[in-house]
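Chain IDs A, B, C and D follow the sequence of writing; residue 1 opens each chain.
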Amino acid sequence: MTFPSSTATDAAAESADTAGTAGSGSAVVGRSPGQLMWRRFRRDKTGVVSAIIVLAFFLIALLAPVIAALYGKDPYTTYGQNQPGLLNEFGYPIAPNGGMSGEFWFGLEPGLGRDVFMQLVYGIRTSLSIAVIVTVVSTIIGIVMGITSGYIGGKTDYVIGRVIDTLLAFPSQLFLIVFLPVVEAAFVLPEEETPVWLRYVSICVVLTVLGWATIARLLRAQVLSLRAREFVEAARVTGASPARVIFKELLPNLWTPIIIQATLALPLYVGAEAGLGFLGVGMTEPTPDWGRMFQVGANVYHSDVTYLLFPGVSMLIFVVAFNLLGDSIRDAFDPRTKR
Amino acid sequence: MTTVSWSGEPGTSRGPGPFLSVRDLSVEFSTEDGIVHAVDGLSFDLEKGTTLGIVGESGSGKSVTNLAILGLHDPAHTKIGGEIWLEDQELISADRGTMEKLRGNRVAMIFQDPLTALSPFHTIGRQIGEVYRKHKGASKKEARDRAVEMLRRVGIPQPETRVDHYPHEFSGGMRQRAMIAMALVCDPDLLIADEPTTALDVTVQAQILDLLKELQQQFGTAIILITHDLGVVAGTADNVLVMYAGRAAERGTVREVLREPRHPYTWGLLSSMPRLNSSVDVPLKPVRGTPPSLLNPPSGCPFHPRCDYPKLAGPELCFNQRPSISPETGHGDACYLTLEQKRELRTAKIEDRA
Amino acid sequence: MTAVLAAGALALAGCAKGGGGGAPQGAAGTSQKPLENKAVSAIAVGTADDSKGPAPEVPGAKSGGTVYMIDRDDFSHLDPGRVYLNYNSSVSHLFTRQLTAYKHDDSGNIKLVGDLATDTGTTTDGGKTWKFTLKDGLKWQDGTPITSGDIKYSFERLFADFITEGPDYAETWLVPDPKKPFRDQYKGPYDGKELDTIETPDDKTVVFHLNGAHPDFNFTVAMTGYGAVPKAQDTKQKYDKQPFSSGPYKIVSHITDKSMDLERNENWDPKTDPIRHAYPDKFHMEFGIQSQQSTERFLADAGNDKNAFTFHNAVAPERVQEVLGNAEVMKRSVQGLTPFTTFYNINTKRITDVNVRKAIITAWPSKQIQQIGGGEINTGKIATTVMSPTVLGYEAFDLYGKLAKPEGDPEAAKALLAKSGTPNPTVVYAYNQTPTQEKVTVAIKEALTKAGFKVVAKPLNAGTYYDAIGPVDNKYDIYWGGWAADWPTGSTAIQPQYDGRLISDNAPNYTHLNVPEINDAIDKANAITDAAEAGKAWAAIDRQIMDQAAIVPEYYQTYFGLYGSGLGGVKFDPIEGEQSALDIYVK
Amino acid sequence: MTSYLVRRVAGALVILIIISAITFYLFYAVPRDPARAFCGKICQPETLALIRHNLGMDEPLFVQYWHWLVGIFAGREFVQFGSCPAPCLGYSFATQEPVFSAIVDRFPVTLSLTLGASVVILAFGILTGMIAAWKVGQPLDKIASSSSVIGASLQIYFVGPLLAFYLVDTMQLIPRPSYVPITENPLDWFTHLMLPWVVLSIIFTANYTRMTRSQMVEQLAEDYVRTARAKGMSSRTVFFRFAWRGAMIPIITIFGVDLATLLGGAIITEQTFSLHGIGELAVRAVQNTDLPMLLGVTIVGAAAIVLLNIVVDVLYAFIDPRVRLS
């Protein structure tokens, strides 16, 4: 798992530098930057295929209940335990390839004997929704903090800058696993039932808290350089309100790095969330979770490697597709960088 | 002064000709959005000890032309046609080794922004010295001494200490001087200066131009001076080539082009330039419109969308057919207007301005 | 005898690993010796003759060589006063001696015999006063004799403020008032005060005056927790890393979490010791070896690993099937029932209706849970009683037909619920949040829901699990627990957990069962001096408790481990529930 | 230089103290009674109270923090454990060993793991990136680039078990990963860590390939590189002496920041292969709510990252003459 790091920042920064030039270059052809971007993107076959794959994953996540209804199973029933002859005495599927069959497409989960296909579909739903929420929220926080820091400057900038430095310098993985129980304990009395949403929210909160700094740092640098540019200076000199400067002058020039950064961050959050599941601090049973499937897989791979392949390969496809999509979007925004 | 011959037949066999001869040069870049015709059928010659100023807006192909002379284009995305002769050596078809031996040695280049054009990671002395070592096989010590000497020659004070400094420790003018020192370290026959003064203060500009002139007189170097500033050309060059959309729009001696400009584009350039003797009340007139896209250049005369007189030469001519430069030698331009028409229009324009 | 529970981390981690063999079923049953639900051994109190050294020779054994030990963890405590965990106890047998100890014979019988003492102690007043006489020729590792004063001191120092991890039976019994905190009545020997309830009339005799009758006190002092510590060598907290030897080996180096080296203690006289051999010259113990790695190393059987054994590491669940199918490796395997039982406490304070409790047991998915854990070999026998088969007097019975229908009987449970008048009771199941327990919870929830229960599952952090279920007024109905008797009689198997008068926060009576008849029966059983008779009485109480449906028994835990081919005399120790080092020799 | 270092280290200390205070308060806010772990099976309430006192847990939180902080520099005396010499980070609730020595014990594992992985990442990642940039647009570049896209998407917890299954279990090509001290047997150290190194470094290596390639391509388009070519420097010289130098600067910067991420990856790798490193220690501490251990690991981890960042910054100044340490 890789937590969003500056690896992403850098690539985004590099294209952000050229955001301005992309605009002027487009004048040659006489199309708006957006149109031009779209045109370039459409021509990029890899990008289009990736987009379709990514879209498919989101659809799977969104339509999980529909898929379940069509497939006729759910992710909670322990088929293997209810129907004799599916699992052996050690809890492993009797049929070869992890119990794959016409009835159980992707086989059965060792131990509980739940349907792997349903686990995966609903697991994707859980993990993707967390990743999307975290991406959106941390991006918004990052935008606010980055712009505040860069625009106001002075002490505010110093404080936010130190906070960002500190957050970035920390082993985020460690903090994730350490802080999850703490966050949870802060919200629930020991006697209370821990609601599912709380763990969900805790994961989102912790990932967000540790994630916004990357984009904030990037935007701060962008704002600092933009602030010195003539058009912003001009706006300020002519007495435009800060809000106007920020929304009319700064933000339009920041969309490219923001979008690029967000597309880079999302697959990283998917990986991070799954990593939490793998380490046993992610979503709890019985909520299906992509990452927890890796934990099960890592425990049973000696005897049932098939089980590990489904979450593994599906995540590989998703992340590759999303990364390629990210590259394509970046290229579309910034044709100068050839990849 | 007018020793330059402007013979224009491409591909003819070469006897003892000019020092540098560019014949029907074309440069095309393939990009995401299509093929860019950066230079299209350009020819010119240059004799030793003279200076040719190449003038044009950005994107007119002036820098591309000179990069092509040095073979510095990206071979993966660039297609080059035509011929470039440096004395009896054809450069476009030359192999990499030949070009490497040539660059920095017989042909040197000065770039616009000395800050980005110098490696920030190496000392000035090393950057100058390594050229000398590469081409002259000098030892480290000799190279260093040479670097000190060159720095002194270009007027950098305390060259013995400055030689060990990094570019970021130099001022802008000093950097450009160092750049020139680096270009001249092997006594090149041809120096290409690509906007050498654009990034500098006006006072420093003059110093640098003077320095170039001085060095040219000393060593007899041929210089190609690329600039968008006609003022620089007026004071420095012997001949001028005005480029527009990858083609030559007008060429001739400095006197010819500046005194009697023939091409409407040249008029535009001249009228957008402030003059000391003109009234401050008269506004400068830039050439209207924007430079054309080189992806799909306008049909006919590439200048016609910005030209004030496209219909004068006939109803369709300027729109459909590309004019070529005429006459073949001497003061020539690529415009369908008759010399008469040009003279009248120019006079009217200049009077208008005065 | 020692407890397994004290090491929550170790025990919990032990069951945390899921998975098992995945090959077709056929391979499994064949080479596996089925363990039956019957008393595994006869437990008796031995005579003075039994207590005489030396220990009977192991056939084929020879002296010399180095034995290697590989295991997951370092020994957390070696100061006898702080030893409770079976793992710490197993190694302590090599250098710490108590007044009494257990002697195993080849047919699996266990006898309590005198270790430092000449016999298992004598009492003339039904267990209030106990007299032990030390053997001749007992020496510490520096050659100084072990005296009755050392024994007295060993008990006195248990009152010190830093000794909190060990058992406190004797401490509670040796102060004037058992009802008051024992540390308020005596502060330990470090300020110069002595404990006058222990008398040492001469260098060989030590007399304990207890504040009540404890007929099995001689079993109590067999715990490593009551091992001998010399006054002259007591380094207080530091003693925990470097105890002074009274046994056949002494510690020459101990690098925490890495290794420990033992060497022969020349001052130990085998003639004084009825249970210990000291065939190898040295032991080299290596820590930090996970069960996956140790299994792999035993399977490879290369280099020093040939002469290696492990106290605690079991065969990694995912390799069990491979091991079972390998006849050569099976020859160097050790299997047995440990004294450890696991069960699900039913909070009788919250679920007051016995029929609801019975319904829970009836509906319980024992089979599924076992399957999730990787089958019997990785978990244990499905249990039906409170006492383990390793406890003196154990009787097998199955009140709720769990062996016939281990997957749960929702219909029968529904009938029981109907009888109770609450057909859909809500139960709160609190569990330790480990991957395996999470899955077990899924199975439990499903099974109970089928029977008509509404299940609220409450995950608890492993670190705070016992804190959460500890309070008497906790808000949970069902929660997992484990227990091992501190000595193999019903008194520690049953009384601490089911004596209603012992209910308090954090006390082991997690079911909060308080039935007067059971309390009375416990008192009566405690007073019986004949061990066999007492056993019968405890078995009857076991039945009463199961009748009350206070727990859902889970497993009698099994042990399945390997050792290297170069070793002989590696045996299973049913008291500690792991491999024993006492008879080991290098072939 | 010296004054710069002093200032940086002082700043790092301040950050660490702030962080430790925050973490301390956060951790100790968790409702958790560690005394239970130090109490025998049948635990009397009085014993529990005694243990709490022994552990100093009956004092206000800020006093506890103060003791903790002072202990780092001056050592501490615990009734429960005896003396804990400086730097004392307290005693583990779960394993009852000094936190610092537990971390020190496991340090070689994590160090071997991350150091080895760093070597793989930098050597292999930069190398393939350079090759790709050298052959930009050619088949070799396409192979390197597309495999780096896939590599960058290979999660440790997927590749780890998968490779272990095929290479260790099935084909028995390499030994099962474990830690053998390098002082004991360098060859075993190497062979047993091979798989973890590879698995941990895959994502990073792929990212560095991509990064190096794009940095090189970018640098090659820089003015000064063009100047070098205009001077007649051979392509090789231009590529390796000029562009490389420029490309390495952002890569080193990013590597400095990535160290934190790498440590995170080490946690998962250690978990995957049951290596007894600091990461595994941390995960176990989380499972056991072992607060002193968690606090210790966090602070040591943070200190390592902060210090490494200072090292990277200093390194930076050596590579890039424009950067001055002041």
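Criterion: a residue touches a chain if its C-beta (ideal position, glycine included) is under 8 Å from a C-beta of that chain, and two chains touch if they have at least 3 such contacts.
Everything quoted here is computed from the prediction, not taken from an experiment.
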| item | value |
| --- | --- |
| Two chains sharing the most C-beta contacts | A-D |
| From subunit D, the most remote chain by mean C-alpha position | B |
| Inter-chain centre distance, subunit B versus subunit C - centres from mean C-alpha coordinates, in Å | 93 |
| Rounded Å distance, subunit B centre to subunit D centre (Cα mean) | 54 |
| Whole-Å gap separating subunit A and subunit D, where each centre is the average of the chain's CA atoms | 23 |
| Inter-chain centre distance, subunit A versus subunit C - centres from mean C-alpha coordinates, in Å | 48 |
| Subunit B: positions in contact with at least two other chains | none |
| Multi-partner residues of subunit A (each touching 2 or more other chains) | 181, 190, 280, 295, 302 |
| Of all residues in subunit C, the ones touching two or more other chains | 434, 461, 464 |
| Subunit D - residues contacting subunit C, complex | 30-33, 36-48, 50-51, 54, 78-83, 93-97, 101-102, 105, 176, 178-179, 274, 276, 287-290 |
| Footprint of subunit A on subunit C - complex, ascending | 17-25, 28, 318-321, 365, 368, 371-376, 378, 407, 428, 433-435, 438-439, 441-443, 445-446, 456-461, 464, 468, 474-475 |
| Partner subunit D, residues of subunit C touching it in the complex | 3, 5-6, 8-9, 73-74, 76-77, 84, 161-162, 164-168, 181, 183-184, 225, 236-238, 256-258, 288, 290, 292-293, 296, 434, 461-464, 466-467, 470, 486, 496, 504-508 |
| Subunit A residues touching subunit C - in the complex, by the definition given at the top | 76-78, 81, 87-94, 110-112, 181, 190-191, 193-194, 280, 284-286, 292, 295-296, 299-300, 302-304 |
| Contact footprint of subunit A on subunit D as seen in their complex | 15, 18-19, 23, 26-27, 29-31, 136-137, 145, 149-150, 152-162, 164-165, 169, 203-204, 207, 211, 214, 217-218, 250, 253-254, 257-258, 260-261, 263-265, 267-268, 271-272, 279, 282-283, 286-287, 289, 294, 297-298, 301-302, 305-306, 309 |
